[in-house]
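Letters A, B, C, D and E mark the chains in the order given here, with residues in each chain numbered from 1 onward.
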Amino acid sequence: MLNAIIAAEAAGGAVAASGWFLENAWLVWLFPAVSFLAILLFGKRLPRGGSEIGIAAVGASLVFGLLTAIQWISEVEGAGGDSAEGEYALGKGALAAAADGEASGGVSALTRSITWLTNGAEAIGAGIMIDGLAVMMIFVVTLVSLLVHVYSTDYVAGDRRYTHFFAFLSLFTASMLFFVTASTTLQMLVGWELVGVCSFALIGHWWEEKPNSDAALKAFLTNRVGDMGLIIGVSILFFGAGTFDVIGVNEAALNGSMSHTVTLAGALCLTAAVISKSGQFFLHTWLPDAMAGPTPVSALIHAATMVVAGVFMVARLYGVFFEGYTIGGASINLLALIGGITTLVGATLAFVQNDIKRVLAYSTVSQLGYMVLALGVGAWTAALFHLFTHAFFKACLFLGSGSVSHAVHSFDMKKDMGGLRQAMPHTYRTFMIAAVALAGLPILSGFWSKDEILAGTGGWGLFGGTDANGAYTAMLAMGMITAALTGAYMTRVVYLTFFGEYRGHGTPHESGPRITVPLWILAGLATVAGFINFPAGFQLVPKSWEEKFFHWVEPIGVSYFPAIKHATPSWSLAIVSVVVALAGIGAAYRYYFVRVKAVSPTATELPDGLTARSSLARLGHRILVNKYYLDWLYTTVIVGFVKGPLARAAYWTNQHVIDRVVNEAGTRSVQAGNIVYHKVDQLVVDGIVNSTGKISDSSGEELRRMQTGKVQQYAAIMFIAATILAGIFIIVI
Amino acid sequence: MLLNEMLLLGAVLFCIGVYGVLARRNGVLVLMSIELILNAVNINLIAFGAFHHTVIGQIFALFVITVAAAEVGIGLAIVLLLYRNRRSIDLEQVDLMKG
Amino acid sequence: MLSSVPAIAGFVRPDIDWHAVAPELTLLGVGAVVTLVDIVLLERGRAYTSALTGIGLLVALIPIVTLAADGNTREMFGGAFVVDDFALILKAMFIVVAYVVVLLSTNYIAEGDYWENEYYGLLLSAVLGMVLMASARDLITMFVALELLSIPAYLLAAWRKGDPKSNEAGLKYYLMGVFASAIMLYGMSLLFGLAGDTRLAAISDAVSGGDSNPVVILGIIFVIVGFAFKVSGFPFHTWAPDTYEGAPTPVTAFLAVASKAAGFVALMQLVHAGFPGRDDVYQPLLWILAVGSMTAGNLIALRQENIVRLMAYSGVSQAGFMLAPLAVAGDIGGEALSAVITYVLIYAAMNLGVFAVIIAVARRTASGEISSYAGLFKYAPGMTILMSVFMFSLAGIPPLGGWFAKFAVFRAVVEADTGWGYSLAAIAAVNSVIALFYYARVARMMWFENAPEGADTTSLRVPPSLVAALGLTGAATLLFGIYPAVITHFTDGTLIALP
Amino acid sequence: MGDFLNDWGLSIPTFLPIIGAAVMLLIPKDREQLHKLIALATTVAVAVFGVLLLIQFIDNDDYGSLNFVVDKGWIDVIDSRYIMGVDGISLPLILLTMLIVPLCVIYSWNHFPEPRNPKAFLMLLLILETGMIGTFAAQDLILFFVFFEVVLLPMYFMIGVWGGENRRYAAIKFFLFTLFGSALMLVSFLALYFLADPVMVGGELARTFDMRLLPEAAAGIAKSSQVWVFGGMFLGFGIKVPMFPFHTWLPDAHTEAPTVGSVILAAVLLKLGTYGFVRIAIPILPEAAAEWAPFIGLLAVIGIIYGALGCLAQRDLKRLVAFSSVAHMGFVMLGIATLTDFGINAAVFGMVAHGLITGMLFFLAGSVKERYHTLDMSRLGGLLVQAPRMGWILGFCAMASLGLPGLAGFWGEFPAILASYNPAEVLAEETFRSYMVVAALGTVLAAGYLLWMLQKTAFGTPREEFANDASIRDATASEYLAWAPLLILILALGVYPQLLFGATDPAVVNSLNDCLDSVASGACFDAAAGR
Amino acid sequence: MIAEHVAFGIIAAVMVASALRVVTARDIVHAALYLVIVLAGVAALFLLVGAEFTGITQVLIYIGAVIVLFLFGIMLTRSDFDQDGETDHKRKLPAILTALLLLAVMIGALVDRFGDDRLDPTPQTTAQVSDELFSQYIVPFEAVSVLLLAALIGAIVIARREQGG
């Protein structure tokens, strides 16, 4: 098998990367894969139930991933990085050269593959494709996975399926790493489905209760619908490009050897996959339900890693999407539209959830929408940067919520939480950091990535911010509104969880170090992760610190990546977005921290009357009486309306229309199955068969009557038959 | 003499015989009807023998006569056997086995 | 004295090839010996007659073997009596079948209360008729041979004199047989009238006019109908179920196999030597008979409760299969013969086997109901396996012999490459499926059902002669299926072609 | 060793089981242990032979053409010969057979279904093995036909004697359906024999049933005749597959058959039909195949959806698995219908994968039935609680069955779907692309019913009636022993599909190339054309 | 020539009439006697067309033996029960139709083919018959002798009462 390794070919004129860790990056998924088997086989007999194997394996992967990253960075920095950097530093027209199709000394991905199967006398490979994107993903996945592993040793301690839990964590990690290092679309398909299965298994971890297994089924089936798109898309691209290789497919899309129609068809099919896997509108409903799984799982799979698989795939096959949707043609494309809608829908729905994890789930939907939106408008790096930062703060939030629920044995914010600030200081602090990061306030990581996306829409014509791949003003607006809503719903969560007075039972205690340490690590990362990609021309830091992420991750000057334009960062946009976010926070703050708290420390909503009375008839009166005009505006109009009718309507639509459609699809299939089976199969198809038998049988009975037992009737038959035969033959012949 | 005179007589006898075997219930009467049929055949054979002027017709007829005699013999034996067991030779009642 | 001179001069002493008629003569001798033994020893002969008959039959095989080794085609009386490969293989078959029937009869006849020594004598004369039939190429010889094999059979069918059913069987068989011979004779008289000769070759010349001559058609149809009765083809099969059911079972086996085979022998000779030029008449006729037989036989068999009646209808259906190649004989020549003979040979093995099992089982259950086979697997596994082998062989399931029989038929009708042929193949295919239903029903009874309450389920004891018969037929059924070359070696279409 | 294998390598394992059965026939029924041992020894010996063959095969490194060819006279008068041989297409199926049968023996070791009688049961199993191996190895149509039919009887008895409630009906239905198809198939074979040009055999011109020569010899048959001949084969093979609408025997047969019977039925018998298409119908009659392909494809996708919908309506676990076979074989047939090397490779892979996976599922169903005495899914539940390992294995198999990448099932489904995007040139792309979408939808439904099944049986808590049933225990040693090889193979083939594709691909490419050579009119298919 | 025709006409008319009586007569004995007339007519016809030997044989065997057999049979099977019993089926129509249809087919065929072909009534001598019989047809002749023997033995076995009980 070793001799089957096919040497990687340098793509385009770019320099091919090399290095031991890069070449052997398949080890990163091999460690956890082996760990999965080892845990299954020996886990139960080990003192810590197999978790030690998992932690060791993922740790090894992390180390390996880091080394790979270092090697990659040094490759990038070393190979023509200087000249490129010089150009980027100018901040505008950076990629003019690349746009001309000139491969200006970029570093192309390292690929290694073996023959996986031969079909039609053609070898189809499998292997690794290591570049900045892969390295970044390896880092994110292994890191979050490791932290979740550690966290879980406490969180699920004593669970009857402790060992299995870790086994599947390992399998998931392996699958995800396999997915992100895949060199062919076929492999991506494999990894894609494998993570889905792990998700299924982990969502349904507590399968004794039917809702959990229902949620697991729903997640899997919804994803399967998208997978259908992936399967078809991969097929189309295979025949379009003649290969499964990611590089080959991208090249074919970019150099026009694959027709635009085919490319578009492929992109559309893949988009379906993205919609289901990355929880985009209208197949997002499985994601909140998936919160039925253990919280660490939610953090790892449904926040940081698996759900971004769709985003990753778009990024990986960006050539296809870029050409297919003619991103940069400035017309609104499907990807951007879906992202935009999703981000709004998710943020709106996050308002009405009482389950802390469901808030976070909708928040994830919303943030994933951001990323897809970014990809849709051509802000490739921004999307991945947001993926990067989001992984940390969202994982932190989830783990934090887990820590809370660990203490109060519930996820219901209204019934069982409140005032946990004192009881759980570490959780509180880390949660706050992450929440602020999510809300996108400077200088935390969310700010940098969100801002970059907003700039990438190119819709901000004021004081810079142009020169993107077109002016997607609508996307910008959506992003802005979401920014406000994000701030607002996170404020609500924070209030309901940590402020006011405790509404639950018992006395909550802070979790142990195996929970808090990962929280702090993630909070730390949530704080600093943004620094890795200071915008160009940021001025406040040395130039060489600017755009490191972009530089390391985005493939530049290689034949398999489109020449995208990069937006110029804009101070004004950054300031406006912060203001918007603050406005959202402020509104929610007024509502909860001031008015709700004023009702009672244990209150979670204003009494019904207050909002109920906010009718037009009393408007004037209220304005006069209520000096807090802005307060009214904030609380009633913005928070009240958004949180009330709008979010409720959205939620109603969500539950009764979209989710219903999803569920109906299931029940209708079963009904169709029943009809087909009972009516068609048993009655018609089988009926025909059985009635043929019956007809033979009864015609046999009729013929049998001929056999009367009377010899002279026999004789008559004989004579008549002979006569008639003779007569007919004489006449006919 | 016309060949057809003989042949048509044979045909008529044959058919009368056929009627007989179908319409008669008595076993012995049926056997008699059979003799009519066989004689019709013999008429044919002899007529054709004369027509072709060959003795083969006669020889064939002789064989038929001989065999017919044997058949009548055993036919009657079987009818007798039947009679002995059932006290009747009504063929209509011989229908123990059917279907 | 003087007047007798021209007569004497006209008499030419027939040139008789004694070797050629040796099998017939041997049988004649055996018959004589058996009859003598009966006359001399009377009751004491009981112990010997069966064995003597069996040995005699085997002895009769010797001249057949020598004739086969000799290899020449022998013709006598201007082609009226022919000993060729076709005749030899069939003669051998008749004798072997008769031998097995003797094995089947030994205990049945000896232990029954209807012991008559003459049984074997009659059996032998019927065999003589069959053996004669295989060589007959002349209407008179065929007629006599037919009667020679039929008349003892009428009597044997009624052999259980005290049993009304047996009487009835004999009566029905006799009456229907006589009617059929009457029709056949009328047809023969017409054919003779057309040709002025009784030899098939001469008839062939006379009828092959090609014009639509009603007398020719009438003659051909009546003659074929006469033999269709013998092979129990629909709608001339009506006697078969009743006769089979009422007759002593070994006799039934004899009728179902040997007598039917003799009918086919005659049909083959007629079709190939008698009317080769009139395939416009006999092909459609046989097509109708074939299709009618296989379909009606199968459908009625579905409703049968008695195993022997089932076998009768199965026999009707099988006859349809055997008729099928003849229905395309004009297109494929000797291949049709090959197919029919192959089928007949294999059919003989498996059908005799079935009757052997029926006899063996009836010794215990004293019943012919299919339901009496319930649970047989529990107390007579060997018998069950054998019966299943025979049944599924009849259904044509490889690797049991029946498949090759069916295969030969399919091959023949497909080879014709005509619409008639293909339609026949398709109908035969469907029928082979229907047939499975009732064969499998017997298997189902034996294997899947439990023996009725209170039934004697101690293991079954089978007398040695039956064991021999079962072994012989079982082995043949398997061998024919696995290595059909043992049959095709003898039935090659190029070897046995009739003129 | 090589020479010995070349001469006897196929005949011995084919007939060894029969010999074993014959030996068992002679041993009294009550010596059960001895019977079991003989059966095991025979089947293991066959399996060892299989391994030897495999080694030699790898050594020969000639997957594309027939290895171990034996060509002896058999029925000379009809020019039918005893020709055996194995190439990359049949090798996996033969090995699968050789593997499954000993596993069945092991599995049955301690649980013979009522009315027990190990002697008869194991004898039938051995006869089955001969038939199955023979079918895959035969290279003469008549020999193929004989072996094809040999499997009928043992299976009939297995269902009829050891089956469930409705076994009589199921057994006869199975038998009648298959026989109906094979009778017409035989007619087709004969038509082929007579219509094809005579070829040189041993120096003289003769008609032939030789599958190796027929593709060339049959090239001259008029297309209209080809279409009819293909029709007969289509019925014969299609019923065995079974394709919609001939599938109705399958759920009944599977449901009623004893566990081992179901396993063999699913793992091997169904493959006889699809193998027939791949080995006989398409290479010999490519033009007719092209005419039939859209129709076959249509039935295949109907089967996929129909089978899935049928599954969704089931309450009985075994019946569900049975219906899922209809869907899975639909994928196999879709692959075949594309008439491309991709599709046919996928089909062969699908056959093996389905054999392993569905075989396993039937094993599991059998074990569940043994423990719970019911397969009604509304009464089951909590298998993971009571028998966690079995539950996990069930989950694993369900995942494999729904075509999860990384497990064997995927490599049957995905390439079939892939191939239908780009069928052979002679076929209409639009038609097959629409089939592709429907087939892809089938994968979703497959996930639906399998997970639903999993949820009903494995998840949740046990019902009260079973909650304290001590007899419900986890998998036993003999079960593990029987299952482990299958599970390992499911995984191994899934992870490294080249194990199988490496063998099948050269053979598939060869057989398609051959027909390319023989049909100059361009009616033949070139998968690479679209790429 | 005319004489022949007349003779034939008379004989044929008598035969047909008698034959009809054979199949319609109520009394079995009457039927047997009518049968004698038919058989005698057949013999006469044989003589008429020159088949002397056969004609004589016809008389000997049929009238001499067969009819006697019939009469024995009638006497042996006559019972009180049968005296009152019907000799015919009630519904005769199917039988009549069958016979008429058959007749139509036969006549149609015969008239079509043999139109006005003439017979050659030249007598054939017994010597000619025997020459042919004992040369060309020796095998069936021998066979028929076996047949007669078998029939004889068989008929006796069947017809005799159970021996010993």
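Quick notes on this one:
Note that in this section contacts are C-beta pairs under 8 Å (C-beta built on N, C-alpha and C of every residue); 3 or more make two chains touch, one makes a residue touch a chain.
Note that the structure is a prediction, hence the values are computed from the model and not measured.
Touching chain D and chain E together: A, C.
Shared contact partners of chain A and chain E comprise B, C. Interface comparison, A-D against C-E: more C-beta pairs in contact at A-D. A centroid comparison over C-alpha atoms places A as the chain most distant from chain E. The central chain here, found by comparing per-chain C-alpha centres with the mean of all protein C-alpha atoms, is D. Centre-to-centre spacing of chain B and chain E amounts to 6 Å, using the average Cα coordinate of each chain. With centres set at the average Cα position, the gap from chain C to chain D is 42 Å. Between chain A and chain B, the centres computed from C-alpha atoms are 98 Å apart.
A straight line joining the Cα centres of chain B and chain D is 64 Å long. Residue positions of chain A touching 2 or more other chains: 704, 707, 709, 711-712, 715-716, 719, 722, 726, 730.
Residue positions of chain B touching 2 or more other chains: 7, 14, 17-18, 21-22, 25, 27, 30, 47, 51, 56-57, 59, 63, 67, 70-71, 74, 77-79, 81, 91-92, 94-99. Multi-chain contact residues of chain C (touching two or more other chains) are listed as 140, 143-144, 147, 151, 154-155, 158, 161-162, 170-172, 175, 179, 190, 193, 214, 217-218, 241-242, 303, 437. Contact between chains, using the touch rule, shows up for A-B, A-C, A-D, A-E, B-C, B-E, C-D, C-E. Interface residues of chain E facing chain A in the complex, by the touch rule stated above, are 89, 94-95, 98, 101-102, 104-105, 108-109. Here chain E touches chain C in the complex through residues 105-106, 108-110, 112-114, 125, 127-128, 130-131, 134-140, 143-144, 146-147, 149-151, 153-155, 157-158, 162, going by the rule given at the top. Across the complex, chain D meets chain A through its residues 173, 177, 245, 247-248, 306, 308-314, 323, 340-342, 345-346, 382, 384-385, 395, 399, 404-406, 410-411, 414-415, 417-418, 421-422, 436-437, 440-441, 443-445, 447-449, 451-452, 455, 458-461, 496-498, 501-502, 505-506, 508-509, 527-528, 530-531.
Those residues of chain C that touch chain D in the complex are listed here as 338, 377, 381, 388, 392, 395-399, 403-404, 406-407, 410-411, 414-415, 417, 422, 425-426, 428-430, 432-433, 436-437, 440-441, 443-444, 447-448, 481, 483-485, 488-489, 491-493.
Only residues 18, 21-22, 25, 30, 91-92, 94-99 of chain B touch chain A when the two sit together in their complex.
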